[in-house]
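One structure coming up, written as structure tokens, with questions to follow.
Chain lettering (A, B, C and D) follows the sequence in which the chains are written, and residue indices restart at 1 in each chain.
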Amino acid sequence: MTVKPVRVTIWNEYRHERQDPAVRAHYPAGIHAVLAAALEAAGCTVRVATLDEPEHGLDAATLAATDVLVWWGHLAHEAVADAVVDRVQQRVLDGMGLVVLHSAHESKIFRRLMGTTCKVMWRERGERERVWVVQPAHPVAAGLPEYFDLPQSEMYGEPTDIPAPDELVFISWFQGGEVFRSGGAYTRGRGRIFYFSPGHETFPIYHHPLVQRVIVNAVRWAAPNDFSGAPVAGIRQGGAHRPDPLEPLD
Amino acid sequence: MTVKPVRVTIWNEYRHERQDPAVRAHYPAGIHAVLAAALEAAGCTVRVATLDEPEHGLDAATLAATDVLVWWGHLAHEAVADAVVDRVQQRVLDGMGLVVLHSAHESKIFRRLMGTTCKVMWRERGERERVWVVQPAHPVAAGLPEYFDLPQSEMYGEPTDIPAPDELVFISWFQGGEVFRSGGAYTRGRGRIFYFSPGHETFPIYHHPLVQRVIVNAVRWAAPNDFSGAPVAGIRQGGAHRPDPLEPLD
Amino acid sequence: MTVKPVRVTIWNEYRHERQDPAVRAHYPAGIHAVLAAALEAAGCTVRVATLDEPEHGLDAATLAATDVLVWWGHLAHEAVADAVVDRVQQRVLDGMGLVVLHSAHESKIFRRLMGTTCKVMWRERGERERVWVVQPAHPVAAGLPEYFDLPQSEMYGEPTDIPAPDELVFISWFQGGEVFRSGGAYTRGRGRIFYFSPGHETFPIYHHPLVQRVIVNAVRWAAPNDFSGAPVAGIRQGGAHRPDPLEPLD
Amino acid sequence: MTVKPVRVTIWNEYRHERQDPAVRAHYPAGIHAVLAAALEAAGCTVRVATLDEPEHGLDAATLAATDVLVWWGHLAHEAVADAVVDRVQQRVLDGMGLVVLHSAHESKIFRRLMGTTCKVMWRERGERERVWVVQPAHPVAAGLPEYFDLPQSEMYGEPTDIPAPDELVFISWFQGGEVFRSGGAYTRGRGRIFYFSPGHETFPIYHHPLVQRVIVNAVRWAAPNDFSGAPVAGIRQGGAHRPDPLEPLD
């Protein structure tokens, strides 16, 4: 069986890499470049969009040609225009996948889709994070061992305001005494959403082959199927009124 | 064991009853009056708030004294001020329960908390709805039989843009050929949310003793516990930074 | 991207077709033959096993070479040897997928994996069943419309003793007034399980192209990934003792 | 509102305390005595049953008068008679709650209800366990802080063969580098099941006031409601055939 390549758009805020030499040292061409290489190596078709482009690079045509959107942001969540957030949300509800990385838990689009502040506890001490696979049968766990270590990571901890995922795939252990639900799957409308928390910009986390494997897996998992029912957009635009019963009432 | 009375605020848009004689015939004192009587009979302390009061009756002091908010709206969702929606959302995240009834699936507050349009398919023909209990062990099913009938109801049908609930308690069968997940439980932040779809204003549905039982059950289920961890509001307001590890890093 | 063919074993009790002319009329070569043709057309590698073969056709070598097992049974659940049920259960826990069809809800293997009697309410009147897709984003909904009809079907209804699925994909409406959670996904150990209820032997249900599509989708969804952690069998056989901490205790 | 006392039966294997002075030092009157005192102080009506009584103390009359059964076992799971396991399972499916503690994850009754081996990774080094509350809104989290510590505990770790719970309430962090889903809620039939992992017999864990609070909460949560539909036992005993449609078919 042959599978069509997944069309991925990687959205990167792309500010840290240009402002901070410590981040640039890990990601001289931007975090998006490292993610793009990993996804292309896995057979995806990749384009990139960044905050400072017109419409943040997320015009309607780009979104229409995107199966899965990957999102990284941190410094400038509030600089993302609400009109673009509206457009991305509508595409997710209509079936586009969304993979949300690390500090993008506080992005407007993730908060919008989750319905909460999505706040987490955090500490930046460069401590060890151990990512445990708790649902090995899930597609996002494909090819992984029981756990893997990130020698230096930012701590994200419970309790969090991110809703419990429909399927919990990863739990992280931190050296300082915390745990975090670090990878979970959601469905909103016809779109599938995966949140994966490792990825702090001052450590080379996206160079780690197993982190790349998680992101590739998440993109494949989130890609839309070819369900042929009326699009949610139609329901939203007045198609929801069904005047005639499917079954005659008398 | 004695249990403190749940402090309930019933929010009713309260427009239909004043504008439409057919609705007034069922609810001369407002839908809220019928719900209030049922909740008081079950031992709850009830206050009422409506759209046309200042701040829609939902000032900060009222919300602070509310354990569970019940919401009914239909004609005027957009007339609810965003500032009030923000305030209600924050209270839910901090632990207040929310019971969302019928057409309030499209209220701003429910859409906000669910992250979707919450659209449903619908048809108004006064057809029979049969409400099946599919999770009898759930507290919201207490005291119910296997199913109960509403001889005349508005059809709400699948597919819907409301997210799959964490726990599905009711599924409705409609005479015209549709099904609907008519009762489901959600958690957002520290708040518990229950959506129950029967309740069209032109039929006397809230007079049905089993419908009242469902609403009483949902209110009890949604009432906050006394978890003593830091409130989410604290996490939202900067308390999320945990500088010192719980466990020394050595 | 190329995907390896899924290796499917179809297990069919294969008694009805030989005993009952009405069933034979629909399935002259057995229910398994119709399912095999649909799965082969979808690119799967298919073998067949039946009750009256030695070890019911499910010797260890066959199971070891099976990615997904499809199970149909009705008359003779108790004739399945416990040793074979044990073996199938272990393979599921170690990662083999399992697709359970119709009356196999009462098979020993499904009851074993679910932990309940898996009883349902039922009625055989040849009434209309309408299968609604309630989670269109799920892989098992790929290629389907919003709903499809089976003009004549056996009614399976709520309440049921089958546990609530992790993901609910289908809900059926029946002409006589019932609903049923007709398609749902489970994980047990490292195995993925899908139950799909339509399929009564006296109607030509497995000839329906959309029913075949559901089964093909379910097989693809249930196929194991290549998670590389220690197999559950190892945990079962004494590997569960981890004497040395991953992190020195100091 | 007044609530009827929950009728609890604590089942304790009661071998360790009689054989091992180190265990007896913590539990001179048996683990059940400490649990009974905590549950009685919380207003429950408590009886005790142990392995070496006739029918292990779980005759039909005792079970019929039990709302929630608490289960602790470790050394002698296989000594529990299958007939008793059958009886307990049936009562759970009919609505009795079940609270499963620590090493009882491998009890026959828990394996029966979960459908898996329920194996876990483990290590006995007396290391620190920190129990995090990840679903503060859940009734089983009532009265708890964000986390609490057990200075010395047996490690139970992922991956585990225990199925993912319907609701995950606790995640434990261990000093040696592991995490574990240490508290989760399940429904099987009409019975509610809570598993809570802390409780190793060589440490005084059941004397910890917050551990006692968890167990009290779990018992209250698992107590049956008064759903009035036909019991599952009826469905099991032939009542599942519904010959007459609720809705006339023509």
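Everything below uses one rule, namely that a contact is a pair of C-beta atoms (placed from the backbone, for glycine too) under 8 Å apart; a residue touches a chain by one contact, two chains touch by 3 or more.
Because the structure is a prediction, the values reported are computed rather than measured.
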Of all other chains, the one whose Cα centre sits farthest from chain D: A
Contact-richer chain pair [A-D vs C-D]: C-D
CA centroid of chain C to CA centroid of chain D, Å: 30
Centre-to-centre distance between chain D and chain A (centres being mean Cα positions), rounded to whole Å: 37
Residues of chain C touching at least two other chains: 130, 133, 135-136, 146-147, 159, 164, 166-167, 175, 177-178, 187, 189, 229-230, 246-247
Footprint of chain D on chain A - complex, ascending: 130, 132-136, 146-147, 158-159, 164, 167-168, 171-174, 177-179, 181
Touch list for chain B against partner chain A, complex: 89, 93, 112-117, 119-123, 125, 127, 155, 157, 159, 161, 163-164, 166, 175-178, 187-189, 229-230, 232, 235-236, 240-249
Of all residues in chain D, those that touch chain B in their complex: 1-3, 5, 42-43, 95, 128, 130, 133, 135-139, 141-147, 166-167, 175, 187, 189-192, 224-230, 246-247
